[in-house]
Amino acid sequence: MAEMRILEAGNADYLKVDPDGYRAWVREHKPHQMVSKLMNEHEAVEKFVHDGDYLAYDCNYFQRGPSSLIREIIRQRRRRLWICGKFTYVACALLVEAGCADRIDIGFIGFGPWISRAVREGKCKIYEYSNAIMTLRLKAGAMGLPFLPVRSFGGTDGFARSGCKLIEDPYTGQPIILVPAINPDVAVIHVHQADEFGNARVFGTGIAHQECALASKRVILSTEEIVSTDEIRRDPSRTSIPHFTVDAVVHAPFGAYPGIVQGYYASDPAGVIEAMGAMFRGDFREYLNKHVHSVASHEDYLDKVVGAKKLAEIRSRETIREGYSA
Amino acid sequence: MSTPATNFNEREHVICQVARLVEDRYIYWVGGGGEPLSTALLAKRVHAPNLQYLTEDGVVGPEALVPFDPLMTMISSRANYRALQWATMNYAADIAHLGYVDYGILNTLQVDRYGNINSTVTGKYEGGEGRRFGGPGGADTIAALAWRTILMTDQQKRKFVDRVDFISSPGFLEGPGARERHGLPPNTGPWRVYTPWAMFGYDTDCQLMLQGISPFVSVDQVLSEMSFKPKMAAQLDILHVPTEEELIVLRTQIDVAGQTTDRGRWIELRDGKYMFADQ
Amino acid sequence: MAEMRILEAGNADYLKVDPDGYRAWVREHKPHQMVSKLMNEHEAVEKFVHDGDYLAYDCNYFQRGPSSLIREIIRQRRRRLWICGKFTYVACALLVEAGCADRIDIGFIGFGPWISRAVREGKCKIYEYSNAIMTLRLKAGAMGLPFLPVRSFGGTDGFARSGCKLIEDPYTGQPIILVPAINPDVAVIHVHQADEFGNARVFGTGIAHQECALASKRVILSTEEIVSTDEIRRDPSRTSIPHFTVDAVVHAPFGAYPGIVQGYYASDPAGVIEAMGAMFRGDFREYLNKHVHSVASHEDYLDKVVGAKKLAEIRSRETIREGYSA
Amino acid sequence: MSTPATNFNEREHVICQVARLVEDRYIYWVGGGGEPLSTALLAKRVHAPNLQYLTEDGVVGPEALVPFDPLMTMISSRANYRALQWATMNYAADIAHLGYVDYGILNTLQVDRYGNINSTVTGKYEGGEGRRFGGPGGADTIAALAWRTILMTDQQKRKFVDRVDFISSPGFLEGPGARERHGLPPNTGPWRVYTPWAMFGYDTDCQLMLQGISPFVSVDQVLSEMSFKPKMAAQLDILHVPTEEELIVLRTQIDVAGQTTDRGRWIELRDGKYMFADQ
């Protein structure tokens, strides 16, 4: 038998690669049949986000992200989460500062005093990747594979602190990087439209919503609109996420606030700057009190903290509809 | 019209430098915000109307509506307006793997003699002693897979270091052949570094080489803001200042609120010479 | 350095795996800039399909396939083609019987006396894969990678006659199959809509049209409709194939005849049965004379052989429009 | 209503057998035509209205409009009508890799003692001496990745062989543990083989086991149409004949032109016994 050399390997911990275990999970726990999954965010997070989970959110707190679900996770005081920290401004900072997360695979995350402090104090362990390496790891998980090859990341200092390997390609004989698959314990994803079963549509560009849904053991969708399954069937090419991957569907209008949902509403610059300011100051206490703990639910939050006037304004500031409907 | 401007700041100057390199006939992957995105937005409005660029969210060839709300440079209806294609991050990475990305445009916290890029930590990595930053983001993919990478940064000693504190995204790594040894595609890598004061290329040993300076600084000033001595080109270009047309577009359309350009010193034309206004 | 074992390897020839060579091709020869590529099928095939090429078509002669381009390739008497024979009824039979092709990677192809004869007489060499292994090989090529892992195909007699390898997964320690990438010399793909630059839309399900376009050195699109680039930009999520992958755009209404283009026209059962009949009889001479050599062009073919009445009939028999427009 | 039919043919009989196994609560990948697709179309109309199946072209859960034009069973607006999702072949393969496909339903040219599937060649492979067929198509992916695979074929000596002439798609290969040794996921593989005459399962040694026979044949008749002696279940089921309701749907909606079912011998109820009409 011929051999291939493993030329280098990162030395960091990474989520265990177990495609067989994931297949068994899918067989046992995923809802293969069409069953309604409508529930509120409290129930969804209570049921499907557990202490110690590996958590992936798609997009981020400012851009079509599951912001209301992130606030609910903090409200329910989840602990020891390991975060997929790709393409992120404040979500990781919020989750770490709120005491919910203690490990992050990076990607890119909004920085500031909080992170150096968290690392120095050992409150948070960081594993080094890049955005597209993380989405590729999710893609490997979404393909039911243990790894995928890639032609970036080699030679970086991140590589040495990752779970990646540099091997000899058995076809070309040249060195090539392998990235380990991720199958997150739970994914939270915000979409434009979903039916009660979880067949969902995302309009416009995205980061890795389909990969997150296919790769994750438990999937919570928050959605701007609930549509009928007939509407889904009217344009099957628009289905980004199929129902059988989904465990919970939460109807969350303005669920991405203070972020944008392209085609539906604009971001709230004041809300964005308020969160970024807290991050750069390195103190989220005030932000968390006002935006998370002062209210019991997203509905409550929109009503008491954000207010109808603001919602009307960001809705009207989004003037572009083209391409954001089926 | 291309009247040389008489009054502009460092950030405006460097954005205009890089924007002038951007052409209709190539495909660009630009860092999704700040100076890199501004160079594409400016070029498309001034001299490259058919410019095609990607950003990390998998947008292909948008006709962006500027200006943007703060941070709304991707996954955004204005930034992605009337694109040729909307996809996702892994698709953008596939396009780059295939060799379609002629140029990547990035900014960096720190760059070294081999063009390696640090956006992770300054100072010591271990134990969180250093100052921690956000990580490579999309830059690792761009720097690995684009045929040529253009870096933008400031002319400061702490930014030009002999060896970056952490290689977040690959330059030439340890030098000739190193990229290939680490699995990156051949004939790719760093091409230019632009600062408000200077323009650098690389010599055949993959080492940073000073190729041009701005009219408002001297070579000594540039070298005094580097922690190592770069290779020197046989002849140094004098970089052209922004044109009035470029500045009007930049100030009135792209960066109306000054989110990107409202930093750095001002330069003015005084007695036929460009110099710092505070000088 | 650790080692990984190659447990088994197929012993067949396969198209050389060369991602670096493909990158160089893309840099040098692909039209990065937006340039018009409108031309007729004669010019497109003359310029971009060469003797000895590895040829991939997407879908097949009966189902949204580039049937008019396949007829043109035969008309121009290309020789020694190596065919990507996935999901195929008669296309391989036509190309082999017409003397155009002498190697096939299979997939699935319509069989009959012709193939046993061609193999026995050494007129055609066959390499054994399966449909999804072939689309995965194209996907590897479309990702710019030398290989992809897969969890099927192992243990088959096809594996031993393929270019696949069974290796020890460095993450799980378990055996896993690798498939070699394909970057075809040329792909011919039929689409619903394209602009003059090659930005194209395929509606409904497909086999691997995007993979074929991204993976192939030269790409010829035939399209039912030419649309404006403004129309493409109106709904960017519908763009299946980006212009920079495309070398030629051929306006070919009814280009899939006798096959279906879902949402546009039905198949012609008589035309389908005529081709299948020739294949099962093992004699295409009559079919080729009537459907290929008796005419000079696709336009000519529709006019003289198919006829306006038939075209009106298959158009009217396709009553479903839902989901087949932007 | 479920009145046992008194007149039907072998093909109708076997389609009804398999259709009865098909349930709303599972996800199926069915071979894209012929008997396998007919079983799903029939089940959806008779007892599993919410049935979800995939075919190779990446359709998920269509509400197909039957009948279809000849061969128009995939990439077709009627076959894929009002699906939950439209995608492509690699997507279907991803879904199967992930373990979402509970059952695969396939037909085969030849099957052996270990459930291996041949759709490539009968007789000698080398030199084209044997008779060549179309290849595995999608069956390899389904047989490798579905949790359970249901095979449909005819009860003929040349179809039930000790070792298939060519393993196009994997059964249990050489027996227990072989699939895993060749990289296939654990706990997957052949589950049932249905012919118009009989139903087979597998024993713990992964070997074909006769479990049921049709009321119009004897065990000896079944064994006489096999090239090897299968394991025998302790008790043999007698398979139920089609119901009138099933046949009406099959004949008037799904296979109006008899493209799939218009082959094989006819069976009738004579003096309270089911027997071949030509007998």
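We call the chains A, B, C and D, going by the order they appear; numbering starts again at 1 in every chain.
Please note the rule applied: a residue touches a chain if its C-beta (ideal position, glycine included) is under 8 Å from a C-beta of that chain, and two chains touch if they have at least 3 such contacts.
Computed from a prediction, not measured in an experiment: that's the story for all the values here.
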Next item on the list: State the smallest step count from chain B to chain D, taking one step as a move to a touching chain.
Entry: 2
Next item on the list: Could you compare the number of C-beta pairs in contact for A-D with that for A-B and name the larger?
Entry: A-B
Checklist line | Rounded Å distance, chain B centre to chain C centre (Cα mean) | finding: 41
Item checked: Centre distance in Å when chain C and chain D are each reduced to the mean of their C-alpha atoms -> 29
Next item on the list: Give me the residues of chain C that touch two or more other chains.
Entry: 19-20, 144-145, 150-151, 174, 176, 204, 234, 236-237, 322-323
Next item on the list: Send over the residues of chain D in touch with two or more other chains.
Entry: 59, 80, 82-83, 86, 97, 185
Next item on the list: Sort the chain contact graph into one of these: line, ring, star, complete or other.
Entry: other
Check: Hey, which chains are touching each other here?
Finding: A-B, A-C, A-D, B-C, C-D
Notebook entry, point to check: Residues of chain D touching chain C in their complex?
Noted result: 56-59, 65, 69-72, 74-78, 80-83, 86-90, 92-93, 97, 120, 125, 127-141, 143-145, 166-170, 173, 178-185
Check: If you look only at chain C, which of its residues touch chain D in the complex?
Finding: 59, 62-64, 85-87, 89, 106-111, 115-121, 126, 128-133, 135-136, 139, 150-159, 166, 174-177, 204-211, 260, 262-263, 266-267, 269, 272-273, 276, 318, 320, 322-324
Checklist line | Complex contacts: residues of chain C adjacent to chain B | finding: 19-20, 22-27, 30, 32-34, 142-145, 199, 214, 229, 232-234, 236-237, 239, 242-244
Next item on the list: Going by the contact rule at the top, pick out the chain C residues touching chain A in the complex.
Entry: 1-9, 17-20, 144-151, 165, 167, 169-172, 174, 176, 178, 180-181, 203-204, 234-238, 322-323
Next item on the list: Could you please specify the touching residues of chain B with respect to chain C in the complex?
Entry: 24-27, 50, 52, 59-60, 63, 80, 82-86, 94-100, 102, 147, 185-187
